[in-house]
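The same subunit A turns up in both complexes below, where it pairs with subunit B and then with subunit C.
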Partner chain A sequence: MTVVLNQSFTGISIGAVLLLIALGLTLTFGQMGVINMAHGEFMMAGAYTAYLLQQAIGDAGFSLLVALPTAFLVAGAMGALLEWLLIRRLYTRPLDTLLVTWGVSLMLQQLARDIFGAPNVQTRAPEWLTGNIGFAGTTLATNRLFILGLALLCVLGLTVVMRSTPLGRRIRAVVQNRDLAKVSGIATGRVDRTTFFIGSGLAGLAGVALTLVGPIGPTMGTNYIVDAFLVVVVGGIAQLKGAVITAFALGVLQSVLEYSTTVSVAKVVVLVAIVAFLQWRPQGLYTLRTRSLA
Partner chain B sequence: MSELILSRRGLLTGVSALGATAALSACGAKTGGTTSTGSGATADTSGDTVKVGLLNSLSGTMAISEVTVRDALLLAVKEINAAGGVLGKKLEPVSQDGASDWPTFAEKAEALITDTRVAATFGCWTSASRKAVKPVFERHKALLFYPVQYEGLEQSPYIFYTGATTNQQIVPALDYLKKQGHTRLYLVGSDYVFPRTANKIIKAYAAANGMKVVGEDYAPLGSTEFGTIVNKVKDAGADAVFNTLNGDSNVAFFKEYKSGGLTARSLPVLSVSIAEEEVKSIGTQYLEGQLTAWNYYQTTPGAANTGFVTAYQAAYGKDKPTSDPMEAAYVSVHLWKRMVEKAGSFDVAAVKAAADGIAFDAPEGKVTVDGATQHVHKTARIGKVGADGRITEVWNSGGPVAPDPYLKGYDWASGLS
Partner chain C sequence: MTTTAAPPETAPAAPPGKDRSARLRVPAAFLAGAVLLLGVAPLALSDFRLSLLAKYLCFAIVAVGVSLAWGRGGLLVLGQGVFFGLGGYAMAMHLKLADAAAAGETLPDFMLLYGSGDTLPWWWQPFADPVFALAATVLLPMAVAALLGFLVFRRRVKGAYFAILSQALAAALAIWLIGQQATTGGTNGLTDIQGFFGYDLRDPVNQRTVYVVIAVALLLTMALARMLFVSRYGELLVAVRDSEERVRFLGYNPADVKLVAYVVAAGMAGLAGALFVPAVGIISPALIGIVPSIGFVIGAAVGGRASLVGAVLGAVAVAWAQSTLSESFPAAWTYAQGLLFVLAVGFLPGGLASLGAVLRRRRTATTATPVPTTPVPATAVPTTPVPATPVPATANPKGETA
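This part shows the complex of A and B:
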């Protein structure tokens, strides 16, 4: 029983990390159809922001709290800049966005290497995030609980923005039919940039969260980007709830398999399961009904 | 058909295209290697200087460890140049980045030998990188000095191994655990050559010494998810963990270990790839009290070490720790210098012939080259991480241990290969 609880928690915590990274992608890839390979590097930017703030501030707990909004803004600004410079010219050419943003991601990795040096760096976690809480015979790591809380908060925030704000309505309108939205008087360019800002900002938050579990380095984004795309694709690309369910399902599946087999076997089985699922349901778990004529 | 579905297809096509590109470039690297100029590339020793190659990962997951090795190599080169060089020629170090990527290591080794025409190359860390460059050095009959402890069971006529082989590190570490009364081991390692071979040896040792291996797990190099592995460790009823993780996976592992509620007191971890530099970057709070097995620590007593630490910190910063692979790298350049001087020539065959018995008063104590195996005699040490991040010795072998890469001196190892 303890084993089951422990493993479920581990799976949920892996899922929380996946979800945090995939959340931004459901906006930029799912909603806007942009294959943003630089998403992982925005994450890296968030992580380095946390590192720099800790160097400047010192206090681990306080700097972490400051890092969350700052990383959101930094990564968001980078995303908006990328959108303005390159992506807005490529909205009708999704494959080109892949190549362009892949190039950008390589440049950002090299830039990070030049600025911060090639070796990875670490942040110190505040004392209250290095322990664990005993619960029904299991131990729940506090850093993982923190990440889970953060992921759920982001989902909640994003849901509220998308459902109940004018901005959210405009985003949905643009996604469903860009031309119709434009002739209805919506400034689609500005909406695109804002959407990209939010999506990339969420990657920044994910980056801060990752500093709690592992090292910070120029290539940290590449470790997660494929998993994040898988979550979005399996979830049904335009759907928040699809991403949430998929992230946790993949996390739990991975950890359960890992427990009974090995890490590599678990990875293979999860990938095979994803391929099989997409054969059965190519559109993913949920799909957005759009009125676009394409 | 909606645009969104199309874009998902687009993603899959794009990703497979990327994969194909990567595969193609890997093939390219391979063909480039085999169609090279062939054997016997000779070093250029005509001028006032002699080039030596430094081959380390200056980027990627291994950079955390290998940059310090490069720095130590440069220090040794600087010292030798200050003392007049080798056979009257100054050394000119040429540094190449293996980028934590094995085909890249092979490519750069090739370039160092055939384009730069170095007299000897120093470097590599992971066994995977060493296995990747081994055929390159053998084909060109060029010398590599490899400074890191490794899994043994290897002997190349063109490689000098100045780090520990298994009977100078892993076997003493197991002896130590056994003496402390540990009988149930959990093995955690990175998924590549060194940990898998090391664990084969550990299992053979355990079977012959009344110990039990209660679990064995491998994580991909660079992996940061250790939740499940830590859970498995907890559930397996182990009384010690033998850790052969390499690189920055250790950061994630020890963070998870501590937040999982495990401590050095409740379940000690003995690591063979964590030295002073890694302790600093993983964070002392995660490592305090844990054990490591090496041949050298920054705290190892002796005048040679005081000089080494002082010189290193003067060159790279007061707060920079020294570590075992750095020391073995530093020693390797000095050993090569002595071999060349004894041979009176930079010629690889002459240097190899002169190698046996070459000794150096190293920071770790006296090391002597064994000409037959091209390994060195080294003192084995077990250390404990203190609250200040320094590692202090809790046990040593009392004197240099003769290298035994194939473990011929141990009955239990007879089935290994």
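This part shows the complex of A and C:
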């Protein structure tokens, strides 16, 4: 029983990290159709932001709290810049965005290597995140609970923004029918950039969260990016709940499989499960119904 | 995703057989390439350079498949490393077993080293048979591609979803290979391969033979791809890329069309992987994960994804640039590679092969547009006073003159 609880909690905390990364992707990939391979590098930028702030501030707890909004802004600004420089030219060629942003991600990784060095760096966790909490015979690490809370908070925030703000309405309008939104007087270009800013900013938040559980290095983005895309693919586009359910489901599946087999076998089995799932629901868990044939 | 994948900007393939010179141009170019690869290169290059070229030509074989699946079929195949790896591992497993047998052992050296028991794993055993191993280098990748393609295309999973799934497959295979250190050599892969069907690979003369085999294989795959391009199937493939729904309404199943391109491309990648092993003497997960899988695409993107020769030359050029640049400036190469992606895909989607056409278009655009009276759009005028032949007499869909 303890084992089951332990593995589920590990799975949920893997899921929370996946969810944080995938949340940004549901905006940029799910809503806009842009396959941003540099998303992982925006996450890395967030993580390095947290690292730099801790170097500057010293107090681990305070620097973490400062790092969250700062990383959001830093990664978001990078995303908006990328959108303005490259991606807005490629909206009619979504597959090519993958390759272009992959090129960008290569350059960003090398940039990180040149600035911070190839070896990983580490941040100190604040004291209030180093303990454990006993729960039903098992122990829950507080840093993982923090990530879980952060992920849920982000989901909540994003839901509120998308459901009940003018910005969210504009984003949804552009996604559902770009041309109609445009003739209705919505500045689609600005909406695109804002969406990209938020999506990339969420990657920055994910990066800060990752500093609590692992080292910070130039390749940290690549380790997560494919998994995060799979979450969006399985979850279906344009629906946050799809990403939420999928992230936790994949996280738990992964951790249970890792316990019963090995990490590498678990990866393969998860992929097989995803392909099998797509036989059942090719468009993912939740889809936005349209009349388009494609 | 509500937007459909727009086709890459490519000039349509010239209708076959416009006139005699055009019809001869392709075989002539092919012959020139064959002479260059088989006659000139072995004479002009040192042993070392020739073995490097052999390696690049292996990447070029992958690029032929990429040009077919991606350039013509619009399938962004990001998992070619999987098929390259399957072909490479199939070949390397056989060669390792042959090496072991020559040394009087029953197990490959790395298995003895890791002490993983004294029996060969069951899935290694068939690869002791050379015929099985050689067939597996091509058929195994094709089978995997057929399975994945069937599952994915049948359910109309396409575009980005397909790209990401094929990429995830590459990641999964690489991670699995690394995890099974005792039976796959783990991160190191299968290294130090010495014999090639009884020949010693360390002998430069035999390396030259391997080069010739690879060059011939490249020419054959190019010929095969060319035949597919100009066939009815090739037209159907482009049609699926450009408007899948219309093809479906016409009564074809786009899933089958895409499946063929994907499977053939996988077979080509498998062949390339198999030939890569004797040329370089190693196959490892580092050659087949996400990064190298995307790398297989970049050569084709730079050279011109839809142009066969462009893709091949692009693959060779990028591989050459990588090995020369990354030796002296590893950091600079990474920036250059990233920049290549951004510039080639973002701003010259047809690749360098389309550079001429783009420049020509720009020149005619600047010179011709201010003068609207110039008789440029002669073809656009439907009522030509002298129709050479009555239309119903030559109901030729391609507009060929007999």
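By definition in this document, the second predicted complex is superposed on the first by the 289 of 294 C-alpha atoms of A that agree within 3 Å, B and C clash if a C-alpha of one lies under 4 Å from a C-alpha of the other, contacts with A are read in each partner's own complex, and residues count from 1 in each chain.
Rule of thumb we're sticking to: a residue touches a chain if its C-beta (ideal position, glycine included) is under 8 Å from a C-beta of that chain, and two chains touch if they have at least 3 such contacts.
Predicted, not measured: the structure shown is a model, and the values here were computed from it.
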Quiz item: Between subunit B (first) and subunit C (second), which does A:Gly157 come into contact with in this model arrangement: first, second, both, or neither?
Solution: neither
Quiz item: Looking at the overlay, does A:Gly58 come into contact with subunit B only (first), subunit C only (second), both, or neither?
Solution: neither
Quiz prompt | Which superposed partner A:Pro69 touches (first subunit B, second subunit C, both, neither) | solution = neither
Quiz prompt | Which superposed partner A:Leu90 touches (first subunit B, second subunit C, both, neither) | solution = second
Practice problem: Based on the superposed arrangement, let me know which partner A:Val100 touches: subunit B (first), subunit C (second), both, or neither? | Solution: second
Practice problem: For A:Gly137, decide between first (touching subunit B), second (touching subunit C), both and neither. | Solution: neither
Quiz item: Given the touch rule stated above, what does A:Gly189 touch, subunit B (first), subunit C (second), both, or neither?
Solution: neither
Quiz item: Now for A:Gly149: first (subunit B), second (subunit C), both, or neither, which partner does it touch?
Solution: neither
Quiz item: Which of the two partners, first being subunit B and second being subunit C, lies in contact with A:Phe229: first, second, both, or neither?
Solution: both
Quiz prompt | Those residues of subunit A which subunit B touches in one complex and subunit C touches in the other | solution = 29-30, 33, 35, 94-95, 98-99, 102, 113, 226, 229, 233, 237, 262-264, 267, 282, 288, 290, 292, 294
Quiz prompt | Sites on subunit B touched by subunit A in the complex | solution = 1-8, 10-11, 13-15, 18, 58-61, 63-64, 67, 191, 217-220, 222-225, 227-229, 231-232, 234-235, 248, 251-252, 255-256, 258-261, 281-283, 285-286
Exercise. Within their complex, state which residues of subunit A touch subunit C.
Key: 29-30, 33, 35, 86, 89-96, 98-100, 102-107, 109-110, 113-114, 175-176, 222, 226, 229-230, 233, 237, 262-265, 267-268, 271, 274-275, 278-279, 282, 288, 290, 292-294
Practice problem: Name, in rising order, each residue of subunit A that touches subunit B in their complex. | Solution: 2-3, 6-7, 10, 13-14, 29-30, 33, 35, 94-95, 98-99, 102, 113, 118-122, 124-125, 129-132, 139, 141-144, 210, 212-215, 217-219, 223, 226, 229, 233, 237-238, 255, 258-259, 262-264, 267, 282-284, 287-288, 290, 292, 294
Practice problem: In the complex, go through subunit C and note every residue touching subunit A. | Solution: 1-6, 8, 74, 76, 78, 148, 151-152, 155-157, 159-161, 163-165, 167-169, 171-173, 175-180, 244-245, 290-291, 294, 297-298, 301, 331, 334-335, 337-342, 345-346, 349
